């Protein structure tokens, strides 16, 4: 028997557990294809909203050192109508469409416009930490989360992933609301609210002043969330946050993730990161005599 | 005019804005003295509880790289009775006594035992993220926070600092409850709940599995919290989290902090960090023609 | 400790002096060892505090350890940059992107407007054995700039500087592509380098490729991160900030977005309206 | 890539083999280049997965790139370590702490129990010109260990190994300090190095200091972090993990905690009950 990278995230099956995270390089179908050919098991689109949005003024993203990043792109995206034209071209790529909105109507509206397209799953962004009335502002309201997921579930057969982050309520309540509403999986976590001030000009650097922290600095927090969710609820999890190597990917899987999303590290390691992680996982599995990703998921909880 | 490091945190005055953070080296009066002589403006003790506590089994602390640390000491401390004997020896050091407890009675009880000692302020730990029924479990309950601070305020003239962190409610509500209860200042933030799993043994590394993330990785989150608190409330703030240089200290001051606490970086830079930061601040002030710390506090909010 | 600087974090620099190039174009000079060493075609992300951050080609300075940006005022952001005074701060991160591959022998540079900036840096890297022809395109006489600078930079080279203006008020009347077309018939070029309005580049490339001449163009797209993360600069499968900005002409001609469409700030695809 | 390892994060190693030293003491050998190069007096934090983490002096191994820990079973933690089998994992971080300053000429080593561990590593660092006397203290015959190892490590040195047991079942009857006292009268030592029970060290130091002989001791305190952060190892103004574990004897005698009190896991001060 040889180890196999195939993984199942509830109803979603992919050939390997590395997924491009939302908002990373994610608006062009040709870029998605390139990333898929580089080895990603699936790709998630930039979060799409009902109307197009230009996002915030810059600086939109910069490094804080040690492979940590701040960003406040402001959910710029072409809007669902333009995006559906892009998506129509998809033939073969396992694309997860990330959606962002303020209430159940926004999501229902968008999903109706995306009918009959080649979509692996929807990822509902309940966690962008720096745009008002969407993202975390929604995630922080478990009742609203329940209504949104329930409504989406009632109009589509496409699997639903709820993406959670750390906001101003207990994110585990958001997870529960999503589960109750019918979510098929959870992605954890999004960026964490953060800021930097330039001491020379004495100003906040990001155009939006406050943004989201991603990359290495958030890894141990993200691992903790995956572990907590998988200890408390019986729902498949996609780990995300600061993954930069195959070792990190394994750590998330041992914590309880069935797959992982890769974001900011792409700046350093570029698209090779997907095959690097997959190769590393295979070697680890061989050494440990583990033959499927499923066997590894959540092993650390035994101890 | 020459720049001056003196700073006022509400009713608390100290000669320079660098303070030893709670839980760092903080149980021996002779160690406090050494840190004070190394240049700290004040020191905060390890959080003291009603009864002595051995804390958790190890590993209690380790590095996650890039000057980030996980710890789960478990609030080990000699208890208020033993600690009051240690504290009695204090003659000249500006000591802030950190207290941890589950309800108003615990705090009142401890403060009664610490009467007539040389204490600069009490810091109420509402934010340790990995011990049950104290710390964040208290901080996450704004009504309880209000009662605790109110009760303490009614029995002592010593200034009260509430130390907040990011838990499972909106920490800004905790700040408001502390302000309403009569707190004189806020320390923000404590460590963030996090974990690491060793992929070789497949086990969580910390004895307590989950612990607190400190050091560089949390800096941008802490700056954000200081900025948010100072934008929303009119209460002096002590910034804490990932400060490792004078530039970092300035960043917190520009965000709204009147002083800063120094924790994990002591492992790398040892006790020289206090005078290093103070020297750097003085040079910066000279260059910018700023003569008092007070002038700098919160400048970034103008933009 | 400049070498320890984080290339990906805005580094604050003071504007030292300003050169008025035309009524709408100014050059801002600042000291920065790292930027001063950037290669032709590379760009920086320039933070205009309180306003926005814009990608800018890194302009040469004739002083050591200095670099510059040459800015045309267009929208509010570039206008805010244009209006900065000496002593004010900008933040720079980078340099980013790849660079032109300068061939030996006869080379032709074709630039329009601020697209001339990377070509001026390229002139700093030519060797005395390069025979250089430079075409500067502008709409009208007082929008022509860098002519003198180019002369100085080319003082050790056999060279020819050709100006074209659309209204004929200075140099030749017409488009740069008219000149390119003629030159391609008379001279055998070892390399052509172009930067400027996309349709100008597109046309120039078509001319060069039809003659099988090596040509590179520096492509512009909306850039929000500059570091291959946000995707705002995507053009088909390419991320201009990471794969570019410099591409070979024949590769660009195979691309069904270059010359035809670009993405606005929301990422929506916008077709170029002018005819090519 | 071992050199890139984070010294402050537990690094997993497999126990390769185990040596039974006495009925309650075992040595666990593992491969680790970094630990194998540690200096005498340095310690590691040893993670016993699922149990706890303990400070342990780093024991020598006679094989290259290997190191060891020599453990006496005491409480549940050390007993769990004692009971590990070959092939099982431990995590190690470090090495931490300063080291003995080995003088030339006549040196005396005074060790009790697992306090002998840093002294065995010290023997690896003596030069052939060192004339070495080693006193091994134990309660009874079958608690004596490292005698043969010491002989091997000292094969190139003029040396003398003296065993004392409290019950007189092996070697001399009595305490190590009796021997120290005698030797100080007959021999002029250039340096004395001691590690073992605190009161044994305290007494030895008093003897040496009264004769103005250079002496160093390696001090033990509860250690939770090992890296100068948690404060659990404080002894007056010192943090043993960071300022020590090795201190000069005269410095220790000025300290009103050394030899008199220590802190338990809660940080409460506990007085030593035995008389010195």
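Per-chain residue numbering starts at 1, and chain names A, B, C and D are given in the order in which the chains are listed.
By our rule, contacts are C-beta pairs under 8 Å (C-beta built on N, C-alpha and C of every residue); 3 or more make two chains touch, one makes a residue touch a chain.
Predicted, not measured: the structure shown is a model, and the values here were computed from it.
Visitor: If you drop chain B from consideration, which chains still connect to each other through contacts?
Guide: A, C | D
Visitor: If you walk from chain to touching chain, how few steps can bring you from chain B to chain D?
Guide: 1
Visitor: Which chain lies the greatest distance away from chain C when centres are computed from Cα atoms alone?
Guide: Relative to chain C, the chain with the farthest C-alpha centre is D.
Visitor: Please compute the C-alpha centroid of chain A, do the same for chain C, then give the distance between them in whole Å.
Guide: A distance of 36 Å separates the two centres.
Visitor: On a C-alpha centroid basis, what's the spacing between chain A and chain B, in Å?
Guide: The separation of the two C-alpha centroids amounts to 33 Å.
Visitor: Measure off the straight-line distance from the CA centroid of chain A to the CA centroid of chain D, and report it in whole Å.
Guide: The answer is 51 Å.
Visitor: Using Cα averages as centroids, what's the distance between chain C and chain D in whole Å?
Guide: 68
Visitor: Among the residues of chain B, which are close enough to touch at least two other chains?
Guide: If we look for residues of chain B contacting two or more partner chains, we find 64-65, 203, 303.
Visitor: Going by the contact rule already set, what residues in chain C reach two or more other chains?
Guide: Only 49-50 qualify.
Visitor: Pick one for the touching-chains graph, please: line, ring, star, complete, other.
Guide: Graph shape, chains as nodes and touching pairs as edges: a line.
Visitor: Can you identify all of the chain pairs that touch?
Guide: Taking the chains two at a time, the touching pairs are A-B, A-C, B-D.
Visitor: Note which residues of chain D are touching chain B in the complex, please.
Guide: It comes out as residues 6-10, 12, 45, 47, 49-54, 77, 89, 91, 93, 224-225, 227-232, 234-239, 242, 263-269.
Visitor: For chain B, which residues are in contact with chain D within the complex?
Guide: Answer in residue numbers: 23-28, 30-31, 33-34, 46, 52-55, 57-65, 69, 71, 73, 76-79, 82, 86, 198, 200-201, 203, 205, 207, 263-264, 266-267, 270.
Visitor: Taking the touch rule as given, give the residues of chain A at its contact with chain B in the complex, in rising order.
Guide: Counting only chain A, the residues touching chain B are 64-68, 70, 166, 168-172, 192-197, 199, 202-204, 209-210, 213, 216-221, 223-224, 227-228, 247, 250-251, 254-255, 284, 299-300, 302-303.
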